[in-house]
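The next part holds the structures, each set out as structure tokens.
Each of the next two complexes has subunit A plus one other chain: subunit B in the first, subunit C in the second.
Let's turn to the complex of A and B:
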């Protein structure tokens, strides 16, 4: 029996990254609480284990032992389906991330004494160190992001609770709106690299320049959009606790609630990994320095470590953003998506198309395009019709601040 | 001679490379299994107690008023329709963008490609301006 090297590597990557990401999610929650504490000048969790390091285990145990309660008024099957629909896209989204680049795999034969697979020959050949090596690449990211909306909608509707319903509807509208800038920015990246394969996109950046230098505006738009897609602050309107208690997961308890929570952090890891791949040059360490190619297993591990380091930095950045910026108002959120991000990303797409057609696809031309669009938008902004002021005060009888005329 | 098997899954019949997608199926199975196991686990481990107060809808401690299955604002529907239009248009652009770099930039075909795509984007811009003018993006 023979199997291809790609099959073996796929299985290993799935087994390793799935478990690593589950552990990372648990510790992201601890990190989030620690960063929150540091931002607010507190100590944070420090009771369970040294420096609170066993806190995730304690939390997990507690959540498993909580009562798994399905209230009587909910639509039971949809209520149970919603957490699955949220967690599954979050856990499969990283399938196309090229963790270790291309590995020139040496073939070998499994020892005879191993049960079931003994004597199987693994054919030598170049493999992509990612869970799946297919040509659709970034389209998969879009597809999985689209599926993520269903869980939130279902959870909000099935709970049969007004808070949940409002939270679900808000979250749906928000996630749909921010999917369009993501799609357009991925198109811009696709035009730069000419392919959807993430490993080729990274290679293109290694050979020319990181996309964040060539397209800083696109990177900012994409980062904003992934924050909104993951329902992270400052875009966590769906669970604005002052208005909606818990939003779409108000009626959920125990691990069913924890699956929603898990999905948010899992989504952050996936989104950061994809951001690092398409903008931060994947496994490339410094943007202006050429990098020696390290071959073999050591090279793969090194690339994985560099990419993981970038992902960790991005996650910390997301957390600091969460504890620094106040939450947007809902109309501000929608204005940002539809009246700012979508037109700018459209301009970027048209500009990149025309410049690629004219052969000006070097990174400095693209940087000039980004700066030009930024200045143009800044210049046009005062002349865009504003409409009525949105922050109206209600006139009140006998009020000093907004008196009824 | 290559004889096609009697039953070929539809994706395989369309494209033999579709077999490369099997790790996604494996990953999906693991993820679904994880979700189901966690939900069964917490159902077994946790206590089970119920009561009339606990069965009611949570409304900040007040007795629930009316049902949650009500009409909601139509602007969410308008927004969803607008999203659908733009998202489908973006998906149309992906095959074009993939092949665009492979065409000789000086050829007439490249010019035609660019002009057609600009016309296509122009139609979207008209739709976008119409939606803006109609107040689809107003959420205040």
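Let's turn to the complex of A and C:
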């Protein structure tokens, strides 16, 4: 009996990454609380274990011990289903992240005494160190992201609560709108690398230049959009406490609520990992320095560590943003997506297409394109007709209290 | 005929809405043409349904137990009706059964974020009624404590306003600075929230020189912080977009509703009792009356009301610095901070109405005496009550997210509204 090396590596990666990710999510919550505390000139959780390191365990235990309460007025099945719909896409998004690049795998045979798999031969060959190695990697990202909307919408709808309902509606509109710039930017990346495979995209960046240098504008748009996709501040309208109490998860308690919470953080990690892969050169350390190729298992682990470090930095940045900025308003959020991000990303796509077609696909040409678009958009600003400066659509006309024009 | 029904629905607010109470819609009803222009679609095309949302009394953003019933069309709020009374404690009625000095602690509990100023207004009203002259040193200490309290109160307002707009961090910065002020108050009178520091005829305790020095240190520390907060929040682009041009309160509307304090000054009306109807030492002190400028929208929007408070903190710092220079030494001995008043003193028949500029607007005390040791009637005119009454006018055709922004910019303390 033989299996391919890819299958073996995939199984190992799934087992490792899935468990590591769940732990990472728990510690993300601790990190968030710590960063929040540091930003706010506080100390943060430091009671449970050394430096508060066991705080996630205590939090988890507390959530498990809480009563799993279902309010009487909810749609029972959908109410149960919604957290599952949220957590699953957030976790399976991990599948295509190329953690360790391509590994020239040495074949071997399992020892005979191992039950079930003893004597199985593992065929040597190059393997992608990722959970699955599919040729449609980036499309998979979009597809999984699209499914994530259902959970939030269902949660808001099934709760049978007006605040939850509004939160669900907001989340739906927001996630749908921000998927468009994400898709367009992924197309730009596709044009640059000529492939949808994440590992080849990384390899392309290693050989030429990181995409964040070639396409800084695209990187900014993409980062903004993933913040909105992950429902993170300043785009956390769906659960805006000051307006909607808890938004779509107002009625949830105990572990069902915790699943929503977990989903947010695993969404963050997934999105950061994909951002690191397509913009920050994956496992490449410095953008202008050629990297020595380390082969074997040590090389794989090194690459994993570099990519994980980038992900951690991105997550910290997201958290600092969350504790710094006020929240957008719903119409401002929509304006940002439809009037700013989508047109600019469309311009980028068209420009990149034309330049690639003309053979000007070196990174400095792309950088020039980005700068040109940025200057053009900036220069156009004064000539764009200004909208109503306020959302107050009625200027109190005919009232003796009408403000002086 | 379906549309006609809808039109009437929009023009005439249903009287049976909101638990049988009349709807509080303002002088301008919503007419269908404007409604369709607003959403950009014809009413015939899209049938939307209104939804009543009950916001509060237990809601994270209603600053206490304010309950607002919102009539919404999707994200658009057509009407907001505030419902009061959840914190009513009969404070005025209690005043009829207590001696004058015994009522002072009850004034603390009205606006519990600005207890000093509440004490001050009541004590000064009683002193005016009974003809008591307060020592000059006590007047200085009253101004210092009152202005420190104004800073503390505006800090709470600044912090919670950031919170209302989704920025959590300024809240903790504001409370960090407020902590210094509360420590100062604790040194002064032992209490941190409900001080009862002012009493009829002066103050309960005198301040030490050490304390006055600490106040100076605090001001030196605090003054640059205001600039930092302006950079952090006030001029943040998202913040100016959220607060600028939202909840515009025209000047004449503000006057018509009897708004006072930062709310009316935010609308561009330079009305400040410390300058216009001066009391205590304010005629001797140099300060500016800050008004809204409409920098990020129209004059009288939420940003203006917010910014007036930020500017007033600077002015309060100025006032206290002047007081620290001018305050006389405690030469008259141990009782230089108060004149001796009998505990159960009787007041000749008469009445008095005294208004004072509190952090949240004008607080007036009407006290009527019929000659006993207890007042015949105590009536408090709460600035926040009048300010809150303008809420239905402002929350008219705004987004749902603007409702907390507007409530926060009015800066209500329900303890004072309900009394």
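Keep in mind that, in the parts below, the second predicted complex is superposed on the first by the 390 of 405 C-alpha atoms of A that agree within 3 Å, B and C clash if a C-alpha of one lies under 4 Å from a C-alpha of the other, contacts with A are read in each partner's own complex, and residues count from 1 in each chain.
Just so we're on the same page, a contact is a pair of C-beta atoms (placed from the backbone, for glycine too) under 8 Å apart; a residue touches a chain by one contact, two chains touch by 3 or more.
From a predicted model like this one, the values you see are computed outputs, not experimental measurements.
Of the two partner chains, neither subunit B nor subunit C is touched by A:97.
Once the two complexes are overlaid on the shared chain, A:82 sits clear of subunit B and of subunit C alike.
By the touch criterion stated above, A:245 is placed in contact with subunit B and with subunit C alike. Of the two partner chains placed by superposition, subunit B and subunit C are both touched by A:162. Contact with neither subunit B nor subunit C is seen for A:5 once the two complexes are overlaid on the shared chain.
With both structures placed on the common chain, the touch criterion links A:331 to subunit B and to subunit C.
Look at A:171: by the touch rule set out above, it reaches neither subunit B nor subunit C. More residues of subunit A are touched by B (comparison of subunit B with subunit C).
Judged by the touch definition given at the top, the superposed model places A:179 against subunit B, while subunit C stays out of reach. Subunit A uses residues 162-163, 169, 245, 330-331, 390 to touch subunit B in one structure and subunit C in the other. Residue ranges on subunit A touching subunit C, taken from their complex, read 36, 39-42, 162-163, 166, 169-170, 233-234, 236-237, 240-245, 323-332, 389-394, 396-404. Subunit B makes touch with subunit A in their complex at residues 17, 20-21, 23-24, 26-28, 30-32, 34-36, 38-39, 41-43, 45-50, 54-60, 67-69, 72, 76, 79-80, 83, 86-87, 90-91, 93-94, 97-98, 100-102, 105, 110-111, 114, 117-118, 121, 124-125, 128, 132, 136-140. Within the complex formed with subunit A, the subunit C residues making contact are 26-28, 30, 34, 37-38, 51, 53, 59-61, 74-75, 162-169, 172-173, 176, 233, 236, 238-239, 241-242, 244-248, 250, 252-253, 256, 297-301, 393, 396-404. Subunit A contributes residues 6, 10-11, 14, 18, 63-69, 71-73, 80, 83-84, 87-88, 91-92, 95, 131-135, 139-140, 142, 146, 159-165, 169, 172-173, 176-177, 179-180, 183-184, 187, 190-191, 194-196, 245, 250-251, 254-256, 258-259, 330-331, 333-335, 338-339, 342-343, 346, 349-350, 353-354, 356-359, 387-388, 390 to its touches with subunit B in the complex.
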